[in-house]
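You will see two complexes here that share chain A, one where it goes with chain B and one where it goes with chain C.
== the complex of A and B ==
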């Protein structure tokens, strides 16, 4: 295959068929600001921050929607482009009420804040009407506060393109645009699965993990541990966030080989059991009607004797095994082997089949 | 809400059964439901979503985009009154007060709501109740409403193309046939190359404003191998100050239908769709009659004009959205998608309706085709002045003696159009400036009234010819206010997708409001209004995603060019003693 070449900021660079100019630039470490772009989504071309100058084009082009082409000559960082990008960031800052910017909500990441810092601008110019679109949503996990929304529609698009849930949509038009479920209902009454994907593509604090709100400003270092979600056998990569040995939240790993940044409601939000007081920490046997802590040896001996006597008294058909969906394949194999070879029963099932 | 029992609306099911197999049925289905119920009930929308396989959330969002789809029942309609550039030259507050008590023979709620331009700037001020328009409301005389008039014969005696028989009753099929209508499809079927040659020789370019050569567009679609192809007539004329397509469709519908049929026969498309703006209900009726008559006469349908080739035309109504006049938004609207503009390329010629090769032309463009094919491309070309090809229709409104549409040779001077054709200002006041392209083309001030009306000459002045709408402002008008009204319209009609336009049009409107209030005594004024304005103009004009935002700076840049002293007076907090002459200072 012949190599295709284009010129980026004076350097001849190679590109793959189908790459956009933005992808080429980012791959080479060139700074091109974006707000509506997410590598998992189709290019949308709405924030216009990624504009570049293309030789032969009368006007700057948005690099996220511009396919690289043989012989194309592109400049990314002229003074004129930087000035327009800087103005655009100021315009974005002006759109929402409040202080400096649509500030971070949970762990302290906000793309608008980062760009405001990069371009050394604040919420000083172009001030006028603000979006004033805040809304309560009574669900337990996702905080929705459109006072900080910049209308990049990454949440709508990840819900459509990646999750295929189509729970939320763009409403209205122009300044009176919004993001809503069908007929403006709550998330819990919509097709939302509360997977939390919208939170992790949102470039501001408009969407946040309710459990992690303000965690970025609590003193003490947050430790991030890469792990695998314990819920089902899929094996989604997650980052566990903890402070002082206590879990405070889960975030998806964008480069996770199985999930590529996706998680479901359980993996995303269902970690309360880790620090729960109700959590079992040792085996219990009911003695005289009361659950009593015992040693592992006692528990295993007791279970083995009961299984033997059930089989002896009632036959193998009295035994029915249900494997946990959280167990890995090896454990599930062992359980069916045990059920068939030891208990002589073919009655085996898995909770995921429900 | 997921409920156990879904109550289905049998009316909606019937509508869906009837229309689903029709071309691009989406908008028609919604209108049919709304026509029946008076609004779009939730169960009906859920049925529509299911049949179209559109997520219900997306359908809901799309419906909320349009001005005239209603989600709540409203048995008694409000009074709607146009608030845009040509109409706000009249006392809208007084009209709003008075109209409530005038018996117009239609029940209304007594509530008055301002709406975006419904394309009746020649009959200000239009009032809409339900789906009925009343025209010519004036303060103190709201009941004396008048309807549209036929274009005046040209004082110059110059030959016309589009209007040549328009005063002779060609709105009926019989009238059109007696003037030689419906001859050109035979040529289009037998010798499409000849048609393309004539079109190219004529120099006809897109009259919606973009000015792309029509013959080249048809040739591109003809050469595509994928299909089915579509011919779309963009009748979503929605810019303030533009009402030429309304007149052409009312009085010369067969020229447009014939032009579409030719495009179909040349390119191989079998279906034509007229995307008609919702605000023209009377055209919906008369155009449907014209289509039905032509179909019954065998001029459209399975055997177009005896050629043995099929071509049928359907009307699809918009629902109130200026952006749907942008051709890729229009395509999304027809498909039932959120009507944001698409990224170009690809262009509609290769990836148009349902991603298939599509011709999208303006009403006036199609109307010019039959005459070109009858008299030859060279004839049309020669109608223009100098290097310019052909004629075009201008809509003139505002402070003018005879508001209306005028067909003039391309290259005619603006002054001649305003003075000779349209009779100048009604009371002899001096013209201070006019808007161009409707409003998005900025202003031409008094100093430049001799400019030739061709795209290049206007571009040289820093303005834009566009779709040929011109609103005249006499010497008593405040041009800062005029700029504000233009920008306000764009802000109202911005689709909201791209950041520069969504935020920029609102911010420029606010900045102009601030200047106007400051000149009237409000002490508040930002530190560097002109610097902020220039920065907004730059971002709007260079980074916006479609023509709406890209054109917006024409307005304020020409305002500053022609009325710099007034702008400075306003910044200094003084009301301009002399509103300015519109002399260019560069």
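== the complex of A and C ==
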């Protein structure tokens, strides 16, 4: 790939062919605000927050849609630009109701309110009507409160570009605008697969994860740990959100090598079986026909002595092991080692035959 | 792209995303599936073949490819053997013959064969719709024939790609949880491999292959197998003919189950070990494209639940076999695996951090192998197989006039032990449904929401009915996610493929009759994701 040079805020910088000015600036750690941008999506250029000044251009240009070019001279943070950006944030805020943002409450922050803090603006200058769009509360996973929608189209685009479902679209104009399914019905029963990816791209509190609701108001730090989805064999990368050693949510790893930031309904919302009340928490031995809780030592000793005598009385082939196709590989490796080296047979299989 | 027996949008939704995106970019997609699955919405053509007639269809496609001069003769010459015999063998497999067996119009078979044969790169993607048949191996080989005669094995965006149904089913095989392979698919009956593992473990290895799980259940019934240790599998619910499996598990002297939940299988156990969940341990999963990826602990196991590897090691130590089982972490277990498995030799926890490496990774500087068979096949030349069409072991007759086929639905994974315990999913799909074509429904006097009794040679179950054109006339569909109400595998077909011993879950002959709503079942909720929406 060819490397070219441009000038950013007085510095000569290199860029790769195909990079946008926004990507170059962000790569170099320059602050450029955005609301309609998501690294998984094609540039859209609707929020205008990422404006920069380009030498030779009469008007500021949106850097997300502006391809970097050889010799281009760009300024990002002039007072004039900051004033434009801060006014834009104020106008966006004016569309939002003033009560507590559910996203800030659940996740600790949201893009719109982070920018309000950054630009030190509130919702006073342009205070007026909000759309009072209705809430669709029919499904178990997605909270949709379009009164907080800022028309960035990120949900519509993620549904189309990342998930290839195209289940929702933007309808209407002005106050009548809204995000709708085909025939304007509820998400349940539409083409929506409830994968929930619109939630995690939404920069406001218009879309929220019902499983994460109110998590932000609980004390304690939320930890994020990268892992792999436990469902089908696709191997999507997921972030596990936990607090005090307990799972509270999942988000896609944006650059996951397989899923590239996409997840399905199971990967996104099907994690809380691990918190189920009916998890087994103690070893059990059947005593007088009844499964009875015992100590680890008792369960392990008992198992070892029973297997020893079965091997002695009936030979190695009287034992059979079935490894799990869902447990980690280390589990399967250990079970085959146990079978081959301790029970001395090849009497092992996994669940791939059914 | 040729997608065969794979209901991808429901079972592998993120792989389906890739397929849908490729279609947008202009790729042709042919879907081969008895049911009008959602993926057909994106397809250039849908070949709704009769259950289990795959070999007839793919032999006919191979025949057309050869007749039309679309075979890659250079590739055939350099990389395969048996082409002349195949050519002769395929003569009777005309599209017209295949139409008679499969029910797919001959012209559509021709169109699909020509599209596949003339594509620069054509990929075949399949799932259990191909393998869960008494002729599962032949089905896969008939797809391999197509790829071999068109030079579609050994380059990217091509190949014959099985989509694995579980997160680590590939990894479990990689690790040697197979009766005929040590870790890394090293053959148990190969003296060099035996020697290697005897040296590594310090004890003699049994030079003979073990038996499969399916055979082991038979051996349990007849008393040859006295004890089983089952880790993380709900065998009782997932295997065909539940009565037989129950008998097998109850006949054992000693059953150990290691699981997160008290499953139906665990209810039969003599000892239960509480296992930690994937969120509570470090480790790895290997996915469908052989990508070895790292799991990391994010949560604390409940109560005294422990990591699988620890439990097995602790039992092993108490058996006083003298074999090394002193591990202090899952990483030590992984390192030992990598030292014994040539395909993992270049891997350690640092190298699998990003999930970018697909095995084989023979050494630490190796970049992984995203495409297999680039220059040659493991066994030298690709053997073209002369395959015959074998009908399913059960076909409709007067007593059992319908086909039953089974599979998963998007929001209910497998036996629902995970999705069923995750909040919200039971709202999407609260119970089982039998999918019935409108013409069959009319004949059986069944309407949406009615109850039906489904009877096979093994037993009978009851469930609600949904009338839909998704399943073709004469073929019903069910999942197996609600065993507490509807034990689908009470009625599925236990006959197996003679080589893999995989049961024919995909074809059973059944009788369906309308019944009055039974008592004791929850009422149907007013709002739900519709499972049999017509596409």
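Note that in this section the second predicted complex is superposed on the first by the 266 of 354 C-alpha atoms of A that agree within 3 Å, B and C clash if a C-alpha of one lies under 4 Å from a C-alpha of the other, contacts with A are read in each partner's own complex, and residues count from 1 in each chain.
Everything that follows uses one rule, which is that a residue touches a chain if its C-beta (ideal position, glycine included) is under 8 Å from a C-beta of that chain, and two chains touch if they have at least 3 such contacts.
Here the structure is a predicted model, which is why all the values come from computation and not from measurement.
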First, second, both or neither for A:234, with chain B first and chain C second: second
Contacts of A:177 with chain B and chain C, given as first, second, both or neither: first
If touched residues of chain A are counted for chain B and for chain C, the larger one: C
Partner chain(s) touched by A:84 [first = chain B, second = chain C, both, neither]: first
Chain B versus chain C as contact partner of A:60, first or second or both or neither: first
Partner chain(s) touched by A:121 [first = chain B, second = chain C, both, neither]: neither
Partner chain(s) touched by A:189 [first = chain B, second = chain C, both, neither]: both
First, second, both or neither for A:169, with chain B first and chain C second: first
Which superposed partner A:307 touches (first chain B, second chain C, both, neither): second
Touched partner set for A:291, first chain B, second chain C, both or neither: second
Residues of chain A at both interfaces, chain B in one complex, chain C in the other: 189
Residue numbers on chain B that touch chain A, as the complex places them: 1-2, 42, 55-62, 64-65, 71, 321, 323, 338, 343, 491-500, 502-507, 510-511, 526, 532, 535-536, 538-539, 542-545, 550
Touch list for chain A against partner chain B, complex: 35, 43, 45-49, 51, 59-60, 62, 65, 83-84, 87-88, 91-92, 94-95, 125-129, 150-151, 160, 166-177, 180-183, 185, 189-191
Of chain A, residues touching chain C in the complex: 138-141, 162-164, 188-189, 193-195, 210-211, 223, 225-237, 240-242, 245-247, 256-259, 262-267, 269-274, 276, 278-286, 291, 296, 299-308, 310, 314, 316-342, 344-354
